[in-house]
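Both complexes shown next keep subunit A, but they swap its partner, so subunit B is in the first and subunit C is in the second.
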Partner chain A sequence: MKKLLLSFVTLFLTFGILGCVTVGTTGEYVYVPEVMLTELPTEDVEVTFWHIYGEGKTAVLDTLIAEFEAMFPNVTITGTSQSDYTTLRSKINVGVSVGEVPTMALGYPDHYAGYVNAHAAVGLDPYINNTIEYTVDNPLSSINGQTITTSIDLTDFVPSYLAENNQYVGGYYFSVPFSKSTEVMAVNRTVLKQHITEIRALGITISDNGFLSHTVPLTYAQLEALTAILVNTSGTDVAAYKCQFLMNYDSNANLFINMSRQWNAPYTNSAGDILIDNDISRNMLKYINGLFGTNTLVLPTEWTQSYGSTNFIYGDVCMTVGSSAGYSYNVPTSEYKANLLKFGIFDVDFVQVPQMVLTDATDVAVTVDNAAVTVNGDLSAVQQGPNIGIFANATRAEKLYAWLFIKYLIEADNTAWWAMSTGYLPARLSAFTSDVPIAMTGTYSVTYSNFLQIAQDYWAADGDVDWLTTDERWDYLYSSMAANIAKNQNDFYEYDPAFSAGDNSAGSATAREEAGNCLDDIYNGTFSPTDSLNNMKSLLTW
Partner chain B sequence: MADIYVSNVKAYKAKKIASNVLLYAFLVIVALTILLPFYWMILSSLKSTVQIEQVPPILLMAPSDWKITNYTDLFVLVQSGQRAGEPLFPFFTYMKNTVVVSIITTIGTTITTVLAAFAFARLNFKGRDILFAILLGTMMVPGEIFILTNFVTVYRLGWYSISNQTYLDVLLAMTIPFMTSVFYIFYLRQTFKQIPNELYYAAKVDGTTDFKYLLKVMIPIALPTIITIIILNSMGAWSAYIWPALISCKDEYRLVSNGLRGAFTDTSTGRTDYGQQMAASVLVTLPLLILFFAFRKQIMRGVSRSGIKG
Partner chain C sequence: MLKKIFSAMLGFLLVFVLIGCQPTEVALPDLTGKSRAQITETLEGLNLSIKYYFDLSVIYDEESDYDKFVRYGKDENSVQLAVGDIVATKTEIKVYTTPLNITINYLYSLSDALSLHESDYTGKEFIADGIGEVTISKLVDGDTTFFQSDGQSYSVRYLGIDTPESTALYQAWGKAAATYTAEKLQSAEKIVLEAEGDRQDGNDRYLAWVWYLPEGGDKFLLLNLELVELAYSKNKVSTGSVYSDVLTLADWNASATKRRVWGEIDPNYDYSKEGTQMTIAFLMENFADYMGLKVAISGIVTAKIGNSVYLQDESGAGIYMYAGYTSSSQLQIGAHVAIDGLTPTVYSGSPQLTNFNRLNLSLVTESLIITPEVITYDDFIFTNIGKYVTMNQLTVTGVNTARTSIYVTDIEDHEFVIRIDDSTGFDADDLGVTVGQVLTVTGPLGYYDYDYNNVFEGYNHAPSKFQLMLTASDNIIIE
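So, the complex of A and B:
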């Protein structure tokens, strides 16, 4: 009896003590606009900037930091890599509880959704729309005597980039785009070249040397038709120039989400509602399952891989969709063992990601469960990559200089340089026409518009260019291809609604993860399309 | 009679050989199971990304195919930025931090554990049992729950500051919150309780103090258990990840576990250079292996006596 009593007392005290810990509540968000300083602070200011970049990208960033510090000698930008996004987000989330966070940081939309909920992120609209002119009055400054503003021209940004960054509360900007990328599709041009006549018979535009259109994406209906020409389901047939699978999709989550938009199938919304329990999503999954069954579509799980690039290079699959920043992983080189490359070191081209609907937004009829289904969604390509924002507990001086630094980072020439140096895409439209030469190597400089021109010239010549083998354009051909394709998809970039986990459902990051698992389960035969969707719903809602 | 004896001996020998074959076959399989990940780590550390992704996988490699640059590149100096002049993977810095944190945490934990276990096992004071029960009750609370409260405490003690964190701050923040372990206290208390009371009374009759009795009698008797605690605690401190990642504000304060995580991942694509990551992992594992081989007799004795395997 005494021991029983002791146990009760122990449990009571243990949980009682723990219960004393107060958990903060966020409450209703009230937007309080920042009050802008009327003059540039002259005291020493340190801006702490957390990112996740390794040595290569940090070197580029450090150059921009040095240039900024030369303009504002009283400012020190302390950039620190937090090694990965999970660590970066965790540290900021924990730091918010004590008000110890960096002045500014990189982050994905779901990160910023959490920061906004915690009242930790600063609304950037006052900086964007600020009309105050500041005169730099510092003899040590490289821009001494010049007048600067904090405002930026929002019309110069890709519209969907902006929409991603003002989706949180009241349409205010809590971050701005910084390092963006999208998906592009690599195709085995060597295989395509052997089937020109058959492909043209399907009404698909293809050049004599096997280049597909770079401005009009293939549709899934066209892919289904191409399967009959390019696929041998029992295994790659080198003699007949046929692969075992037609198209790999690296990111199963992107496939689910992108297809949902193309089908007009509700997925999630910014309020955090999980909307997947609908007939359109069910039909979409059944349709995808049909593509799996005919080897039109394959996921990396087929080869127990995270990406399908290696099997694309091996010749197991004729096309592969992956990140524009990872274009180089889809180019075969002599580094691969020759006996593994079924088509040898083949020619690669990059095109836009496939779409359900046509570019003129005409509805498309597809067959699902032997019944005709009309698809009336939108053209859609994912936009991905982190944004950048400022935290609320910084001083007004720190916030002002942090914003000026952000503005500097995303200036047209700088975002173009950042993009060419890192594989990301420029955040601003004017970067595409930037005429500032960027030194890529000790001997080679190129403007962003000329960088884009490399692939355009190659395509215009149908691959028959008279460049010398030592011409440095060869080194940038594939990155230029990926950048051009990304630019051509600008008009139909879409973003994921970002939200934190709520009382009734998981957060957007978990929803995305489960969307990928849902397709993997269908591919692996673990669940039927309907059961997999039900399973996904049960994991995301409670 | 002699024939029966001979046939019995033969049957015995046959049984003995068969059982030995089975035993050693089992041991070989277990040994291979344990060694395989190490072999794979070393093999991967010598492969290029293309070779790592090769299907079917490469199981053996001629030395001429080894990509030694996975190792040498780790020591390539960063050309620019805040880490200019330092190696790409600051192995020695991370290792130094890890060793220092492990040693301080282990010493601290051992001292608090021995003293607390002695108090709960030997000393009589009011509320001892209920206090011990409360301590045991906290074992039911997952460690992750304490992260936020520990973080707030560390911040209020001035050991966490994004701009002004010093090396001493980070050492205190990484070690002080983990210098006690309820499990180890419970574990050692049980060992202490097995030491006969008569020894304590005899020592008392001789005029020995409690502390002297602890040092001269209890600790030597419970040494295998204490060694086990030291080993387990060192391993825990060596592989700690979440807390050190949260609490260190500067790159040069990181532990190897944190350094290994993101240093070799291309942030644009999320792809990891596994060859280099495995090369760094080999370098990190090497000191532990050397330590193990150097002190294996003591470690094995400690583990086998206490009956606990790490």
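So, the complex of A and C:
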């Protein structure tokens, strides 16, 4: 049996499916709704949960698992970290082919598109809409005698989070939002503070202590103007408070995709069409190439890094766009070698990601190859972060408890605690208004709204607050900043459609990867913008 | 004719008897000592189906413990089943076993194209050519080692794997992985590093596949793969690597056994959250006994280096607590704090506490005053490391090129170093330190031995490797 299993796996790998596209298509999808159990199973149930969290996030997760197991003593939640999303997806793809998968797992929309396509993911609508009331009948349970339901109120979720999770087949949910994030821009306030008069002369709002607006994003036109003030292209000039580059963009793929939305440049659609062969995309890439040429924009490949955070901290670049969940990587601390920090431990602020325009469907003129081009722009910020779902070959009891565990994870107070502890964003709207204080340490409890208030108070005081050095608000200042910025731009969150590979084109995961490579190739001079786009097209369609 | 009728009747009778006799209930057999294969054969023979679970609640320390029956699980009515219980045939029986045996499927049978040959590395050097023979410079943990080639030593992070931590952080199976890596490298006849993709990671460590020729062996083995196959590490998929597929398969097989990093209890890891309550003095006196376990201590913050602090108890014993990137506003100089769940470890010969989590910190009192103890070179003993001290009459004999190490002698000509940490933002020049000056310096007593090889037992702390840590510019008096 084991040999048979191994043969299947080897065969699977031999065909090169692993990790690059998705599990095989099984014909037109036929949705079969789950049949709900009418009573809570009392037998021993093990729910296996694959995630990618390290020690810190696992500790938070373990607390939630322990609370859930106290409610349902017959259930064991076994969490296993699979290191990273690439490994997680690869192992599930292998597992799907031989019917050996966890009960539930984290995953991006690209991942779940593949699982759905292979009939491996469970449609969650029956759980979401289930009207059965279950009575907990277990003297050992912390909620013994209570009545529970599996249903959740979808109106309590950020709408674009929901749309991301029901985009696969027929509008059904095959995953639900769990750990969400977006992109935010960290800025070196110490440098900005030295150029306040010049910056104000550009019409950009900046406070006396160098805070930019937290509700109105910078435009790319403003960034181009700021380059003349803040950049010294031959190298960071500490005495003049100038960096070598103005703005780093951590995710080259996000830059391509989000910029496409801001330019209204066709990229892909939910039908799986690759739409990049168009003049708007070509002009967009030429424009980005122009930004590369003036050191307005830089990619981590400049420093042969995957992220630009370290070089932001070193003072090579004045601003950097990255995940809101990774805000802490953009805050210089004394943990770094002092001689590498060109501006020392400088002040950091967080603002929204730059936009082409400040109002949807607005025209803006840009220069592309020395010619004026009009862009009809939209606001857009990337919506990212993993969702969570259940696999089809689990038993009905396992599926039911897996769903109840998911429901517990995304309860308002739990999603708020998870968000404040990890840097992610709450999945539910009610987390923002809950008045239940959440214990963050033995001496500090805070509601999510008061957590957001930390940065708001700091900004309102122009950074000049009278908090004691031992005030624990300091420990949450930067995460509060990132969370506020994320909240302020949630009106224009966008996500890219997830789809599996088709007969003539690649899947969305490959499209995203090649979008990033396309920009790296332009940055490194491997291809011109036009040739790089043609190369990308040739790699994604056949 | 009658004979045919009789035969037919007999046939019907036999079929009837056979069907009628087939049991609809069976007694659960005693499966003690049976493997999963034997359990499956036995229970399927009784017309029962099986669902397997692992019992990971106890330590299994003998190879013969693995893949063995532990107990039956509960039935659908939540009743615990046991040997002899009567169950209906065709029902699913839950069976708990110990973790399974590990099998090595790929390490010795890599294809020729994936294997390392002498011609691949002969005449080449790792840094310059991306492949080359190296020697061990310093052992770190399961997936990081300092190697040496062409006269230079450099840190190397192994590709495709991620063993649990055993240095700044201490995780289950981390020490076991580090020990296994050390044993394989130290007994190897040759070690060859092979680069693939990015040459370095964000921490300036070189990235490599680590091949070694075992003593007496005739074929190089890929240590990265071996660590995954033996469940000392999970695989980190390296997209595009020629070894990705084989590592994924090895990872898959290892994870199915639930051995080591996949869920088995590490007998040498302390799973408690709070740790054993003790004074810093007691810990320092019994340090080896608590290495890698969890302790709960309280003390006054005497000095800060970045987010990390030195703590000192009422008896005057001190210790360095490494906080890494975890900041806490409560950890201010003079604050009396209590911290649970810390793990004593050793870094370059110096004792330290790791595993700091803000959730485990509580503030006892703020703003206490700490009086340093005046010591001499004769007090450079292990139990004084971490103590907040003052030393007088120190004559400057030199400063290193980075201007962060001040070489001094005391009045009896003992030589040692005053160390200015990078995080302070100042150096010897900023302080106006020059050769020949006489200094009085206050700060925590530190220790640093670059050659410390992660073996604490039997290690002697040399007085010449003690350092006086200068953490604030007003803690130095130039006479």
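Operating definition for what follows: the second predicted complex is superposed on the first by the 511 of 542 C-alpha atoms of A that agree within 3 Å, B and C clash if a C-alpha of one lies under 4 Å from a C-alpha of the other, contacts with A are read in each partner's own complex, and residues count from 1 in each chain.
The rule is simple: a contact is a pair of C-beta atoms (placed from the backbone, for glycine too) under 8 Å apart; a residue touches a chain by one contact, two chains touch by 3 or more.
Since the structure is predicted, the reported quantities are computational estimates derived from the model, not experimental observations.
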{"item": "Side-by-side fit of subunit B and subunit C on subunit A, or clash", "value": "clash"}
{"item": "First, second, both or neither for A:74, with subunit B first and subunit C second", "value": "second"}
{"item": "Subunit B versus subunit C as contact partner of A:292, first or second or both or neither", "value": "neither"}
{"item": "Partner chain in contact with A:471 - subunit B first, subunit C second, else both or neither", "value": "second"}
{"item": "Which of subunit B and subunit C A:401 touches, first, second, both or neither", "value": "neither"}
{"item": "Contacts of A:325 with subunit B and subunit C, given as first, second, both or neither", "value": "first"}
{"item": "Touching partner for A:43 - first (subunit B), second (subunit C), both, neither", "value": "second"}
{"item": "Subunit B versus subunit C as contact partner of A:350, first or second or both or neither", "value": "neither"}
{"item": "Partner chain in contact with A:94 - subunit B first, subunit C second, else both or neither", "value": "both"}
{"item": "First (subunit B), second (subunit C), both or neither touched by A:59", "value": "both"}
{"item": "Stretch of subunit C, among 25-33, 241-249 or 385-393, that runs into subunit B once the two complexes are superposed", "value": "241-249"}
{"item": "Intersection of subunit A interface sets (partners subunit B, subunit C)", "value": "6, 9-10, 13, 18, 46, 55, 59, 78, 80-84, 87, 90-91, 94-95, 100, 305, 307, 310, 335-337"}
{"item": "Residues of subunit A defined as touching subunit B within the complex", "value": "6-7, 9-11, 13-14, 18, 21, 46, 48, 52-55, 57-59, 61-63, 78-84, 87, 90-91, 94-95, 97-98, 100-102, 179, 181, 303, 305, 307, 310-311, 314, 323, 325-326, 329, 335-337, 340, 422-424"}
{"item": "Footprint of subunit A on subunit B - complex, ascending", "value": "48, 50, 53-55, 78-83, 88, 129-130, 133-134, 136-138, 140-141, 145, 147-149, 151-152, 155-156, 160-163, 242, 245-246, 249-251, 254, 258-259, 261-271"}
{"item": "Touching residues (chain side subunit A, partner subunit C) in the complex", "value": "6, 9-10, 13, 18-20, 41-44, 46, 55-56, 59, 74, 78, 80-84, 86-87, 90-91, 94-95, 100, 304-307, 310, 328, 333-339, 344-345, 440-443, 469-475"}
{"item": "Subunit A-touching residues of subunit C, taken from the complex the two chains share", "value": "53, 73-78, 94, 105, 162, 165, 169, 171, 198-200, 202, 234-237, 239, 244-245, 248-249, 251-253, 255-256, 262-263, 305-307, 324-325, 327-330, 332, 335, 357-359, 361-363, 366, 402, 422-425"}
